[in-house]
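We just call them A, B, C and D in the order they show up, numbering each chain from 1.
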């Protein structure tokens, strides 16, 4: 079977989802379930139930994400320096009884939420050295991606477009360059807006897709979660099936090179 | 449930497939089955079993398309004039015991297989007047599409790109203009190359997608048929779910207008 | 020298401009002059000075378009039937002392201003038979373009995008198909929004570009007219110079085929 | 007048060109002259006349680039580490009598020629501290661009696409993000393939464009150099003129938001 191996873990689903921006816990629960996701990311700094005993007493995100069903992927959303991000990951490991799989993101500014690659490289090194299995949010820079893999990150997660933008994959050449060179899974993270965006990422050979806003801020999040589930499967199967060549006409020899565009 | 009504018939699947270019009958059978299609189009002029008693004695396309499972959609592939196309449809009706659902295509030349819209309009009128339920292959011209609907065609089938090209949807504004104005189903016909192309068509509000080469000439046709099944469902669900707005950043007010591109 | 021949006339400039939507006559005059255009199109039905003696007494469009400097190209803007368009062209010929060069446009609806190709074909035939030199606004349908050329039209003018949209060339494959097959000039008409749109049209081998809104509704129309003059020259020269091949990397053998997109 | 100020120097032309890949010196001379460029970049490591007295005796690149006509822009092509790049810049300064304007590029690998941003940041810091005016080749990462500006680089030069690819601008959102945030000139460097690519860069508000292969490897380099001269002017003027808004139709209120694509 076609499974996804990240670090020491193995998964059937190639769709990873976030937990933010839902109307309420029930909607989040229904959408996450409908997505078929096995890995669910949550922002340590925005999950009061992790750190606040009072919050933990009320029904909260952790209640809809039982450990026997989901692999939690704590992330460092809201961190703008390597130091903050590393500290947040260590806190997550404490709070989650030694859970060492994390998604590292070190952001460059509050407006674009674009990664700060210089700080990301520093944080990734420290976390890998500290025994974490690091999935890393990165720009679509192939050289940076290779460096992160060489450091020991277990998954490379280039953005398709800015976080929360829904713009789809902006630079296909960069993403495919990363995919072709990587020996660890490459997952598109951020920028997916609708089903076809997810399919395209998978058709390019990405190993998975992580999304949050595209589902949570669709008009009907649960239906969109189903759509995304199908889209990731469709894209994966299309990649494995090997698409027909593009050509100007049905005739076998119609050239695609030499066009002015 | 979300069903597709074409003329007097109703369907669950929104993926329509062709029968050409497969390695053999078994592959065609397996791929068509995997696609989940309920409507299968076949070229009258390229189906010897319809017209030649000797050919009909051997195992042939009709054997893998039992009438209780599939709705046959005879098409006029290979016709370059209204006269030829009309004659071919009448022949199909004779051969198929009064079956009156047809897909009209009148081609402009052998190289591009682009429709000849002047001849298509003539043929469509004659066929509708003659009692056929006409699904019509058309350019993506919104004015022609409206005229075909006004004549009484039961489905409008604009090309995404040239037949057999796999180029995907070339002119999204035209297709969406057709979709917004139509009161009969609009199905993208021709040009789909991979799963995401089908999803995109459905996300734009098309009612269905017809394809042949994208499945039959994938490296693994049966797996690609599965991919397409998921892709059409994904695109339909995404359309119904209502995608998030596109924006430059996650911040709610990031403008998408006024950009130089 | 690289000249443009349309029917019996020869031109140095490949940029054709319209006269509508300017703030006033002086702005129109300055912008048209800055564009370097030799052919200027004006809507018969919207040029009162042509038909109303009172209007002709005041300073008007014809005053800024002296016959020794410009070739007038009367157009049938506002006509929605072949009959109207033919009548309008005949009126123009009367009013302009036998001037037989016209731009035919028969529109399909007021919202999209998309051409009605069925009516366009009828009108083109009648006008050619009646001795006009017909430049014809058409959809980007390669089959219709060929038919219009076969009828005797002296220039084929496919839309890049809807009139007044500024969306640029929507379907490059169609435009290049028209260019490759034509033996008369092909000029992109409608849809150009900024300088690069005009360059792209010329790089594809188009013989010229006609525009109005992109200049008249720029924030600074006169400067945009200069931009367009350079853009058309740039695109023409780039076409004649023969662009470098596209490739993934500088290395000579980097393949562009086989990519999933 | 609309001039370009880089560091302590001022220029009329916004087109910068390279010197590589020409058939011979005469062709290089003619093309560079035709381009109207005032800044010409040359690779220190590939200019034997700079370092080898024997090579300097023969007619060479420096002979066609007189100091009264051109500003030389020595670059570090071929450097794969900060150390190499810094050493190369210092050597250039020695050889060119204290000339302190350099273009820094530190490459990540020989295949993609993509910048190694980690090394680029190190080298940029050292060079600025050492008194150089540093124009820096960078990925299109807005966060890295800001850091380079904060360090004191005098121009930010994001790639449009891979060096020598001719693919045009791959990620318009990133380039425009850089342009909007920068207080020093932003010049697109690498990836331009034809005239419209250069226009597009300028229309987005870039302050200039640097190219080499697009001219040198056109079929007619001198004509392409002229095309590029016009294209950069066209794009600049279009930017300053303020393009019309994009809209679905001519009607003022046609919405561009809410579309599924």
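By our rule, contacts are C-beta pairs under 8 Å (C-beta built on N, C-alpha and C of every residue); 3 or more make two chains touch, one makes a residue touch a chain.
The structure displayed is predicted, hence computed values, not measured ones.
Separation of chain A from chain C in touch steps, taking the shortest path, is 1.
Ranking every chain by how far its Cα centroid lies from the centroid of chain C, the top place goes to A.
For the pair chain B and chain D, the fraction of shared interface numbers is greater than half, so the two copies use mostly the same residues to meet. With centres defined as mean CA coordinates, chain C is found 34 Å away from chain B.
Per-chain CA centroids place chain B at a distance of 48 Å from chain D. Remark: chain C and chain D have CA centroids separated by 35 Å (rounded to whole angstrom). Residues of chain A found to touch two or more other chains are 112, 162, 167, 172-173, 194, 200, 203, 243, 245, 248, 260. Because contacts link each chain to all the remaining chains, their graph is best described as complete.
Remark: chain A residues 111-113, 162-167, 193-196, 199-200, 203, 213-214, 217-221, 223-224, 226-231, 233-238, 240-251, 254 touch chain B in the complex.
Residue ranges on chain C touching chain A, taken from their complex, read 172-173, 176, 200, 203-205, 239, 243, 245-246, 248, 256-261. Here chain A touches chain D in the complex through residues 108-109, 112, 114-118, 121, 139-144, 146-147, 161-162, 167, 170-174, 177, 194, 260, going by the rule given at the top.
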